[in-house]
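You will see subunit A twice below: alongside subunit B first, and alongside subunit C after that.
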Partner chain A sequence: MPQSNNFGFGDDEAMLRDAARKFFQANCPPDRLHAQVAHDYSIDRPIECIWDQALWRQITELGWTAACVPEAAGGIGMPVVAAVALAEEAGKVAFPSPLIATLCSTMVLRECSSDAATTALGAVAGGQALSLAMTNRAGSWDADATDVDATGGTLNGTAYFVQDAGKADRLLVKARTANGVGLYLVDPSIEQVTIVPDGIVDLTRDQAHVQFAHAPAIELAAPGTGAAIVERAMPAILAIVSADMVGAGEWLLQTTAEYAKTRTQFDRTIGFFQAVKHPLVNVMIDVDRAKSLAYAAACAVDEEPDNAWMLARMAKAAASDMAAFSANRAVQFHGGIGFTWECYVHLFFKRQMHNQTLYGDAVYHRAKLADLLMGAAA
Partner chain B sequence: MAEGKRVETAEQAEFRQYCRAWLQDNHPGTPPVPIPQSALELKEPEAMAWLQDWQKSAWEAGLVGTDYSTDYGGSGRDGLQLIANQEMQRAKTPYLPNIVGMGMAGPTINFHAREDVKRELLPPLLSGEHIWCQGFSEPGAGSDLANQQTFAERDGDSWVINGHKVWTSLAHFAEWMILLCRTSKEDKYNGLTYFVVPIREALGKGVTVRPLIKITGGTGFNEVLFENFIVDDRYRLDAVGAGWKVAMTTLAHERGAGALTTPAAGGMAVQEENAVNPSNAYGLIDLAKQSPRNGKTAADDAVLRDEIMKLVIRQEGLKQTQRRGRVAALVEDGTRIPLQNKLVSSEIGQDIGALAYQIEGAASSLYVNDPHAPAGGQYPMAYMNSFGGTIAAGTSEVQRNILGERVLGLPKSK
Partner chain C sequence: MLELDLTFLPADTESLRTRVRQFLAHNAEFLAAPNSDFATNHDAAFSRRLGGAGWIGMTWPRDYGGQNATYLERYVVTEELLAAGAPVGAHWIADRQTGPLLLNYGSESQRTSYLPAIARGELFCSIGMSEPDSGSDLASIRTTATPAAGGYRVNGTKLWTTYAHRNHLMICLVRTEPPAKNRHAGLSQLIVDLRTDDVQVRPIKNMAGKEEFNEVVFTDTFVPDDRLVGAPGNGWDQVTSELAYERSGPERFLSSFQVFTELVRACGPQPTQSQAVLMGRIAAQLLSLRRLSISVAGMLEQGKDVALEAALVKELGNTLEEAIPELARLVLPADAGTPGYARALTDAILQSPSFTLRGGTKEILRGVIARGLGLR
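Coming up: the complex of A and B.
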């Protein structure tokens, strides 16, 4: 089935996006973000999970987490493009919250068909924050990779690279059984679960590895069905993470262009020089490409599933390269001040570095895309 | 993926069906002589005549000039040309030959000419009867287009024109030319005036057309010399001194950022069953599978696979960005996407040609005149031709200035 001309982005989606933009503009200016997450510059600073829980409560009350929960589960039932628009706005302010992790988890829950998953979706619509615990120690993004075992309704082992683990109310865990991979819901506050925070570059999120020792869990997807569910959900997840990078890329572009209009050297504002002007135009072109592909990938999930993987891999590859490039040029063109902790650019630079590799970097996705379009190499 | 279902009005859907049915019955088939990669390279009169016949039949059927008023040879139906274009591309028709006429001269005349001149010139332009060419560039006016030296001097109700234009595609077939001239030496930008001029009837009488040969060995463009060439004042567009403003209408349409959609049909797919389209990144996949490398094929080489995917992603990205450019809710600034179009598409085209060269390996040395050349030698030719795209209509460097200044608000280079 072909895609709608407008990417399925109608009036309701635009209204949600505009409301999010306004909310972020009012509540998340970069100076406040910097004061919040970058108050301690010391390299050996304690690992902290910093976020504004009151702001998060407002967001859940505004229904953003309910947006993409199906109506049957108590949500609003909006398409994936709505989640992509929210992620783009969150990226534009480098928002520290479990929003992206919850949207990604929602995409997995939407592919499960159990009553337990429906209940979990209802809880998300009601404001519960979720995160995916699906990656093994080697950092594999394969749908069946995990270092967690499930036996008799309890989990043992460790999940790695869990995003915003310290902010999540529940974890969606991929675990191995004798009959294949299943999906499980776990309350991370119980004593059988230990969250070990990672020391990471990005200041706008937290990440952890999570240890399970006989942790009781609710089965969301039966053994043997988990990998296929993750596989179906992954294009939407890639589109969402790509959109986060698109938003951050746009902030880096506009902020650097603004700086190039005010910073004077050789009696001219530096944006006059083509060595600055032309690479900034290249950043803009790359942001636009990544944005278009992210929306096209989301629309494919909603309307054209056969092309979802292709467009999602294109989006993540384009967005990852753009993330690296936009961050790199932003620091360089800010010159000496861009190299300092006090300039806000580093917050976005670090978020781009993080998102670049999350769920697979550009080289990874291009290799998979080549397998899809060219067949495997001999 | 880009056509079919849609938030399409009843009129649009009905017109799409009409185009599809008409094209099924009236596709012109295979040309009697080979046609080059682009209309700008046409040199055989027989090929031009055949393509003009095709344009005329498409025009008579209402597939060309759809968005123009019925007074000017159009159908007076707003926003339907895009649908006709999509259906012509889908039907793999050959291209329409009057490319400068429809893409540049037509919209400029439509927005700036006198009423009687519109009625006189637009119908034979849209039908393809009159081929048009563009007289903008000069030996000293390339990227610095406003540095025009061709001079038009007023003489009663006429103008006397002297000067030298270059890179004039299709001038050897053209009846008419759009012409940018200097009418005052006092002011660089406000000293320009824009004319439409009948060059064919003046050949040997003030107008000389000489071919220029490109790096491919192909022709298609010319230099045009004016010596006391007399033009009636009615063929002046807009006011004396308003030439730069009028030229901006032309350039916006040339770069795909104008108000009117240019009628455009398919490409070279009509030539033969397995003809390659050297400007399509997906074509590199087949090329790689057919190109030996290290005892396997280029399609098994990890680095080349990565490079091919980069181009496929850029091409798909451009397509999706053009699509997004038509969705108001998903663009922040109305000029940002249209102004990228020419820059991005020409550079993708160039990089496809360059990568094909690497994929083909030693055999990339074989050109179109060698029977063993991979893909008929079309890739090396397309690569060389691609510089037309990155240089003409404002070089890539000028395009980046325009984008940086108009969209990002950076200080002007001049």
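Coming up: the complex of A and C.
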């Protein structure tokens, strides 16, 4: 297969990434994030959906959510690597927003070929936040798994593990029909839809299970076509979520390295000791590996679709392991302060923990990878 | 060099084990904790009951409220308490560490005024070692105690003092002489009364959102002479003598034990292959750690120096107890098991990052072990 010259990541994508980096670094420093999501926490605090909606409006006005919407639907028509670059920058500041959920939903909509999907993509380009409601009670990420039924244009049942459900303007729901799985668009603010927040460890996100009781829905993909569409979109989704973890891993690495350069024990900075500096190099290697794989997966979606699944599973597996390792080492090398609420490390620690299992953990993807590379008998 | 005696629990400890289990069954209302972590469940009422049963300070002489029991008998009691998830946090430090310290170095009046109350489960103690700028490098502490009429004036800050906001006493490591070439010289230990001495105690919220450890600030705090433990300037030797007790017990590998038992329960009689493999792996490691820890208890009984062996138990034990929740959730997610499993797992997942920090980081312990191998 001929290799493309620029791997799909060009000047436009670099410009978008740089703009996102500047915006996030200026508007989302960790002290502001901590004040926003963690300042008045108590164990008994009711589950809240905390985010800066004005900041989200700025982002949609900057056109970032339109970036990967095809031009025909009113977007900018950038490749998946653009979404991955955005996700990486958002991960670096553990950004509480529906950005990742909207980017993932965009990838599913791009694979639908209906007028309704084109209209929905146009709404995303116009600033609408979306989230995927595609997982069943057992938390299966298989393309045909769902506990929602669609009959006569209405939905019944419950979707689980819906990310940033409290921030989404529309939900993209996978539902079962007599003729197979279809995809539907639902307005979660209507009375036939109930969002039940889940208690999760990640303070920078919200998650819910969403109940549908005769909820009217717009058909995005006809019964029988939904599973294949999700299947096609999933490599891009895995690349985006992996990039979020890469960003968070980078923050954990840099913050811990900075601490190791300033904290003094035994009359030396602790970064002097091999027990500290060598594992930090391991973290760096792991972040870099996950980053390379996340970008490779995104480029494959754009340029070499045949390799997309393989690289996406590799990316998510590597990123999940890295997420655990980067977070674990960050707490350890910060010492006691790293185990406190006031230290910002726990915000990223918890986001990494949440990300690890999202869309399948490392074990799941390695098992699937073995099937892919060596046949299902492996 | 590293030497571990082959020690077995004497057969007659089995009747003691039965009695502890009966006690726990009679006091089941206290067993609501989701984990087996010695530092997260403080319950004064439970500690009083345990003291009433004679199981706090049980190795101490009867004159001081003890039972003259052996360290192997104490081992049986502590492992049963931890395995059951009993709330041992109130009396744990006093029983494990403060009591032996006072028996070894304390004055007669300190022993008689504190030990019986500790053994009754009425007097709870905290450790005052770490400071904002002194964690792994303990000898660099800056809290000073300067002589004043009838005692000392203490200035400085102690950090990570578990349950200082709920306990009665803190054994505080202070500098009674300015730093010298021998950085271990000039340190002393004072008994601070957290309720009546002029100290400020500020709870620090941990990453799990709980308030268990504290910052304790001393500002010209007066501590009378008779609360100096041992000889002035002997603090370093006294503190390091505590570490053998602090680092070798079953609390160094059982903190997430309930995740394991709940995992086994939740998986039922027909676990998947990966679940079965993990159970076997954890069980094998728990058994070898238990052998190690019992061996150290036997050596403590014989009065041997076990600082190195204790470091080994803690390093290996912390590695396992930190890994259990992470490994468990990979073979059985929290919401795919029983409610008991979900509770144990979610609690342990946010508590476990502290296991490899408290009481000496893994990095420091490895240094201690390496020194035992003659590598430094």
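For this structure, a couple of remarks:
Everything that follows uses one rule, which is that the second predicted complex is superposed on the first by the 371 of 378 C-alpha atoms of A that agree within 3 Å, B and C clash if a C-alpha of one lies under 4 Å from a C-alpha of the other, contacts with A are read in each partner's own complex, and residues count from 1 in each chain.
Just so we're on the same page, a residue touches a chain if its C-beta (ideal position, glycine included) is under 8 Å from a C-beta of that chain, and two chains touch if they have at least 3 such contacts.
Every value quoted in this text rests on a predicted model; they were computed, and no experiment measured them.
Bringing the complexes onto one copy of subunit A puts subunit B beside subunit C with no clash. By the touch criterion defined above, A:7 reaches subunit B but does not reach subunit C. Residue contacts after overlaying the shared chain place A:363 against subunit B and subunit C alike. By the document's definition of touching, neither partner reaches A:213: not subunit B, not subunit C. By the document's definition of touching, neither partner reaches A:47: not subunit B, not subunit C.
Of the two partner chains placed by superposition, only subunit B is touched by A:317; subunit C is not. On the chain A superposition, the C-alpha centres give an angle at subunit A of 80° between subunit B and subunit C, rounded to a multiple of 10.
Set against each other, subunit B and subunit C differ in how many residues of subunit A they touch, and the higher count belongs to B. Touch criterion not met for A:190: it reaches neither subunit B nor subunit C.
Look at A:284: by the touch rule set out above, it reaches subunit B but stays clear of subunit C. Once the two complexes are laid over each other on the shared chain, residue contacts for A:340 go to subunit C alone; subunit B is not touched.
Using the contact criterion defined above for the overlaid structures, shared-chain residue A:349 touches subunit C, although it does not reach subunit B.
Per the superposed model, the minimal spacing between any CA atom of subunit B and any CA atom of subunit C is 8 Å. In the superposition on chain A, subunit A positions 276, 363 are in contact with subunit B in one complex as well as with subunit C in the other.
Considering their complex, residues 130, 133-137, 140, 159-160, 204-207, 209-210, 213, 274, 326, 329-330, 333, 335-336, 346, 349-350, 353-354, 356-358, 361-363, 366-367 of subunit C touch subunit A. Partner subunit B is touched in their complex by these residues of subunit A: 1-7, 9, 13-14, 17, 253, 257, 260-261, 268-269, 271-272, 274, 276-278, 280-282, 284-285, 288-293, 295-296, 304, 307, 311, 314, 317-318, 363, 366-367, 369-370, 373-375, 377-378. By the touch criterion given at the top, residues 1-8, 282, 285, 288-289, 296-297, 299-302, 305-306, 308-310, 312-314, 316-318, 320-321, 323-324, 326-327, 329-330, 336-337, 340, 343-344, 397, 400-401, 403-405, 407-413 of subunit B touch subunit A in their complex.
On the subunit A side of its complex with subunit C, the touching residues are 41-43, 138-139, 201, 264-266, 270, 273, 275-276, 324, 328, 331-332, 335-336, 338-343, 345-346, 349, 353, 357, 361, 363.
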